[in-house]
Structure formats: structure tokens, C-alpha cells
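Order of writing sets the chain letters: A, B and C. Residues in each chain are counted from 1.
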Amino acid sequence: MEFAQYITYGVINGSLYALVAIGLALIMGIMGIFNIAQGSLAMIAAYGSVLFFQHMKIDPFVSLALTLPGMFLVGVFMYLTMFMSMNKFDPGQKLRNSMLVSFGLVLIMETLATILWTANERTVTTAYSGTVMALGDLRIPYTGIATIILAIVVIFGLHFFLKHTTFGKSIWAVSQDHDCAMLMGINVKRTTLVAFGLGIALSAFAGAVVSLHTVSPAVGIDWTNKALILIVLAGVGSINGILFAGLLLGIVEALGVYLVGVHYTGVVGLLIFIIVLMLRPQGLFVRKAGV
Amino acid sequence: MVERKKGLVLAAAVIVALALVPFFTVREYVFSILCMLFLYVTLSQSWNILGGYTGQINVGQAAFFGMGALVARLLWVAGVPFYLSILAGGLGSVILAIIIGLPALKLRGHYFAIGTLAVATIAQITVGNILPGISFLPAQQMATYSLIPRYYVFLIIMAAALAVIYFTVNSRVGLGMEATRDDEEAAQMVGVNTFKYKMIAFLISSFFAGLAGGGFAYFNASYYWYLPFTLMWCFEPILIVFIGGVGSFLGPVIGSVCYVLLKELFALTLGEANLLIFGIVFILTILFFPKGVIGLPAKLRQLFYRRGNVVGR
Amino acid sequence: MDLLKVENLSKSFGALWAVNSVSFSVAEGEIVGLIGPNGSGKSTVFHLITGLLRANKGKISYQGKDITRFKPYQVSRSGIARTFQIVRPFPEMTTLKNVMVGRAFGSSSARSMHDTEDDARRLLDLTGLADKVSATAGHLGLVYRKKLELARALATKPRLLLLDEVMAGLNPTEMMETVEFLKGLRNTGVTMIVVEHVIKALFSMTDRVVVLNAGEKIAEGTPHEISRNEEVIKVYLGDYEHA
């Protein structure tokens, strides 16, 4: 039964990884912008949740109503000041420059968070923190259940939005063919701006969940790392694949903890990353290699 | 050709002059500043051969720096002669590079960046988990601690890195690297095995990053084991290379001088906030001065030319 | 003996056969033209021969050796060079270094960097780029970039040269010069396959012409024969006059 308990935690962690990765996947797959700062943005959002809870006793899931638009505005600011100017580059250069700039942002955000909130770990302790649902011997934290549901709703919701709403379709159209979309009467500038803002806003979901675990300035880059591994596992451009990739990584890590101990969790992740790169570099959930 | 010879003679003269510094001063402050300068020149030049000349962006240089430090320190503290320990550290980094490079460098675009970042974050956390404490020097080594041998170790590592990288980038291998950076397909079309040149650059890069890490392990009497694995060691070489001038040989040298001086200045006046300044400077460099300090004269000339001559070419 | 032999070469992108069972051969010392309307598969044939794309079916032999599965750099080293339809010099490198790369790698590399540089300078003289030696390739005008790409390809010392629309964008005088240059090159022993839209220039230098349409070979013959071939006139030359 202990084994099933490990797997349960793996599923919960995997859902959280997917929540961090989804914004990164959206921005990378649709706009060709490689945002290494995604995890750091989730970290900032998580501090937002922590502060709302500490000062106003607002539950992290409720304060999403504030952190989501807040992060959207952060995204709009980032796009207008830094990433918009990269549209003139070819895809390779755009990827490289956006990666470098966002790497600078990681440093800025981590330092800023340390100055503002110190390097200490913080967490939100709600009434339901630590409470569990017992299923036989299996114990499932309520926050974990919330994480899983949130991940499913957000990711499939995003998929539905992109495929079945007018604005979502116009985001797709812009990503497929910039000039053609313009000819079809889509306001390309506004669409890309909103899409980027949306991708950054998604980090607020991850932030809310992260705040229930532990937040410190240094976790940002670690979350980004998990997100990037998911992108490679799922394949660039895959939205639904992110959830499955997250579950896969979470479960494999849990198995690693079960078998070799908690110190080597990350190494297990790195190993599957390398194996996938060698055997199936286009990703596990994409049918054909994008050229 | 004549200019190149002049440059080499000048460089050799500078190295010799630096080797003579301990005969003229014993001020610890001077030594530690110079040691840091040599470390940053080595680390950033090692980043530059891969990132600047070959176009493969390594966002996880800390893993290779840290690996060198970890292996060298473990062996050295265990009693292995220092010069062997530091070489073993360099080799440890090379092995790590082979593990990441074989899958990631075969592919294009973001895979290499993701691979290096993954290995860096995972190394930092794993080392922090397994060796959570501080590494102290044994009392016997502590008693004989002196900055002078540290100074020479850093100087030798830097001179070796500069020499190897200089002759590599100015050789046939360097042509292959630059062609790979500019256009992989076109490079293959004229006979360049691009994977091979990416791998060569990565191995040289990681070896010298590892040696620099070994220097760090030799220099510091005590430090947290995970310290050479922290994000800063990923960020600093990139920052230095881009401020100095990416893909040029002198860029990282100039960048290191600027960085070490500014860091001293800011650290005194701003404390932790100095990293904010560097982060902002870095982003501005990428966005507006992609060729760094080295490219500044050309950039200014270009601006001037445009103003002065409306017709243009 | 045939220098290059292509048998039943096929390549599909999804359901579309970009090249469908194409066969032709090129003898040592020939200049062979490869023509066809846009999208007929000419560039794809070049990509397949040079290894940038993998064929689904068929075989490519060069000097009697099967090179179908060769990687691009191996193709280059065995003595085949090409230019790209949309030129691709190394943009951040100087003109001189661009050509030095070709000379340092390619099918027979120069012995030392010194020789590499000398040879590269000689080639730049030959192709009319002598005064652009230290210019950054990405800043050159289109005509110069085309010349540079040709110089870089020649620097690899090819025995077979694949030219993809080297004359597009040139004025009539430059075109004549290029034709003369290529004829002279053939006299030094370089075999060529030439893709060109400028039919007149092409016919004035080719020994044979292969015509593709929608991925299939529809005719092959001397320029004289091709210019009288009913089907070719219908699908290609006629089409071209309308355009």
C-alpha cells in the first residue's frame, strides 16, 4: 500500500508540474518565444498568494481572481518592453534571444524576491492544509485533489479555448501563418500581445498551488526545469500532452523516491529526459517531428 | 598575420607581467581581486567557445563549474595531490558534457539549452541534498594556506584556457565551429560535420569550466558544497560574454574586467541589489547592443554614418 | 562512365509525392539542365542528392558508390557541392572566411590554414569578389552573395556541382558572364547539374536537359529536342510564356 501512496503523490506533483509548464508550452509552441522565466513568474505569483493570505486571509484559490489579472498585466508589460521587438528575427534567433532575455529575468526576479521577502521558505496554512481524504489505507491530501482537478480543468480548458473559440482560433491562425492571418483581418499585434499575456497569466494557477507547498525565491528555476522537461517529453506545440507528460514525470519521480530515496528525485527526471531525447526527440505525444 | 603575431607577443607579455605581480605586492586584496578576474576570464572564455563561436547556448555552465569544484575538492581533501585533483575535476566536467551533449547536440534549437539547464538545476539540488553542509579544509591544509599558490593556479588555468581556445578558434576547427553557428545546413553542405564541432566545442568548454571550478575549490577555505552549483555561475559567464562581445576572443576578457570592477563597486554600495543592476544591464545588452563593448565603436560609427549620410549604400 | 546515377528516386511529404520515381544519369564532364514549373520537384531532387532530405524509395549512386543514405557532409566530402536557391552564406563571417570554410572542409582540404587562405583569396579573385574580402557576408548585396555562394561551393573542389538558380536576379550582361564562367569551369573538369528558369541561358550551355513536372520526369534530351517536345511546350514553356 505504501507503493500506491507514492504513486498518489507522484500524480499530485505531476499535475503541479503540468500547471507550471502549460504557460511555457503555450508561449513556446505558438509564439516561438522561449521563456525560461516561467517558473520564476509562478514563484512571484505564489508570493502574491502568500501575501493575500497573510494580510487579508484570502484563500489562494480565491485570490486567483486577483493574481490572474495581475500576472496578465506583468505578461503584457514583458511583451511590450522586451519580447515584441524580437518578432523581426528568424525563428532560431528569436528562440535564442528570448531565452537569453528571460534568463536575465530569472536573475532579476530571484533577487527581487530575496530583497522583498527574504530567502526564507514560506507557505500558506489554511484550515484544510494537511487534511486528507482516506481511501482505505490510501491518504490523499485535499490540496492534492484540488491540484489535480485544477490541472485538468486548466489544460483541457485551454485546449478547448484554442480550438473552439473565435479568439482562440485566431491565436492558432497567427501562430501558423503570420501574414495570412493579417490578410484574414486578424489584428495580429493585439492577438500576440493577449496570447503572451495569457501564457504568463497561467503561471498564477501554478503559483496558487505552489503557495500551499513552500515558496522561496530559489524555487523558480527549479519549476522551470520541470516545465522544460515536460515540454521535451510532450513535444513542442502539444497542449494536452503536457498533462500526460506531467503525470509521467511525477510518477517516475515517485518511483525513484520509492526505489532509491528522495535525494535523487531530480536525477531520475534528468534520466528520462535524456532517454526521450535519444529515442524520441520529437516528444512522446506528438505524432510527427516538427521540422 | 603580422598583427596576429604582435597580439600574441603582447598577450604573452601581459601573462608574464601578471606572473611577476607577487614580487611587487603582498596585499591580499590585490590577489583576491586578480584571482577572481582570472576565474571569470577562464569561465567566460570557456562559455564563449561554445556559445559565441559555435552558437550553442549553455544556460547551465554552473553544472560544469560545480562538477570540477566538487571532484577536485573531494579528491584534494582526501589527500590526492592538488594538480591531479584539479585535472580529475576537469575530466568529471567533460564526462558530464558527454552525457548531455550526445543526445542534445544532435538536435537543434532549444534542446541543448533545456538539457544544460536541467543538469544545472538538478545538480544543484542533488548536491545540496547529499552534501548539505559546509566543506572545511583539514587543519593541516588550513595551516599552510597562502594566496600566492592560488594566484598562480588561477593564472596558469587562465593562460592555458586562453591559449587553447585562441588556437582552436583560429584553426580549421574554428572555421567549422563558426560555420556551424551561422547555418548548420549550409555548413554540412560544404563538408562540415556539425555535430562533431559542436561536441569539440562543448568538451573544451566544459573542461576549462571544470578547471575553473577546481580553482574555486582550491581558493576557498570553506564553502557550502552546493555553492559552486548555484544559478549565479550559470548567469555570470553569459553576462560577461555578452557585455564584452559574444563570439570575439577579446570580448570575454574585457567583459570580465568590467564585471569584476563593477561588482566590487556595486557590492560595496548596493549589497544584494547589485544583481538587479546586472540583470537589467544584461537584458539591455541583448536587446540593444548585441555585440557588446567590442561592437560599440562599430555601432557608434554606424549611427554616425546614418546621420551623416542619408543616401546610404 | 556515369558520374551520377539516380534511379527511381521518390520522396513524399505526407500524401504528396514531391518526387516520383525519377531516374536520370549524368556523365563526367556534362552540363545537364534540370527544368520544370515551380513545385515540380527540382529543388527536392537537389535536397535528396545532397542528403538534406532522405528518399522514401530509389537509389543515388556517385562514381559507382551508393550515396543514398549519406549525410550532407559526407556527400560534400565525396565531391558534390551545391548552391541554394535562396542563398545561404554564413552571415556573421567575412567573405574570406566563408570561402575558407569550403576550402578547409569539402572534398580535399588544404594542408594548412595559410594555404586555405591563399586558395580562398584566389577563388574570390576569380569570382569577382576581390574587393569584398573582409566584408561581412550578411551585409553584402544579393548579387555578391550569389557569387560568394558559388565561390564557397567551388572551394570544396567538387567534381559535381549542383547549381540552383544562380542566374535569378542577374542582368543580361551578368548572365552572359556567368554562362561563360560555367563553361570555363566545365573545361576544368567540373560536371554540373543546373536548375534554371532562364531557359535561353540554360539551353546555351547544357548538353542535355531533364524536364520534371509534378514530381515526374516527362522528357529528357538535348536542348534542341526539348525545345520541340510537344508535352514540354505544353506544360512548361507555354506555361512560362503566360507568366
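As a working rule, contacts are C-beta pairs under 8 Å (C-beta built on N, C-alpha and C of every residue); 3 or more make two chains touch, one makes a residue touch a chain.
Quick caveat, the model's predicted, so the values are computed rather than measured.
A.B. asks: Counting hops between chains that touch, how far apart are subunit B and subunit C?
C.D. replies: Minimal hop count between subunit B and subunit C: 1.
A.B. asks: Just by CA atoms, which chain is the most central one?
C.D. replies: B
A.B. asks: Can you work out the whole-Å distance between the CA centroids of subunit B and subunit C?
C.D. replies: Result: the chain centres lie 42 Å from each other.
A.B. asks: Indicate the whole-number Å distance between the mean C-alpha point of subunit A and the mean C-alpha point of subunit C.
C.D. replies: So the centre of subunit A lies 47 Å away from the centre of subunit C.
A.B. asks: In whole angstrom, what separates the CA-based centres of subunit A and subunit B?
C.D. replies: 31
A.B. asks: Please name which positions on subunit B make contact with subunit C in the complex.
C.D. replies: The touching residues are 170-172, 175-176, 178-179, 181-183, 185-194, 247.
A.B. asks: If you look only at subunit A, which of its residues touch subunit B in the complex?
C.D. replies: 28, 34, 36, 82, 85, 92, 95-97, 99-101, 103-108, 110-112, 114-115, 218, 221-222, 224-225, 228-229, 231-232, 236, 262-264, 266-267, 269-270, 273-274, 277-278, 281
A.B. asks: Could you pull out which subunit C residues touch subunit B in their complex?
C.D. replies: It is residues 50-52, 71-73, 76-77, 81-82, 84, 88-93, 97, 100-102, 104-107, 109, 113, 116, 152-153, 155-156 of subunit C that touch subunit B.
A.B. asks: Once bound in the complex, which stretches of subunit B touch subunit A?
C.D. replies: Interface residues on subunit B, with respect to subunit A: 57, 59, 99-100, 102-104, 106-111, 113-115, 117-119, 121-122, 125-126, 129-130, 231, 234-235, 238-239, 242, 272-273, 275-276, 278-280, 282-283, 286-287.
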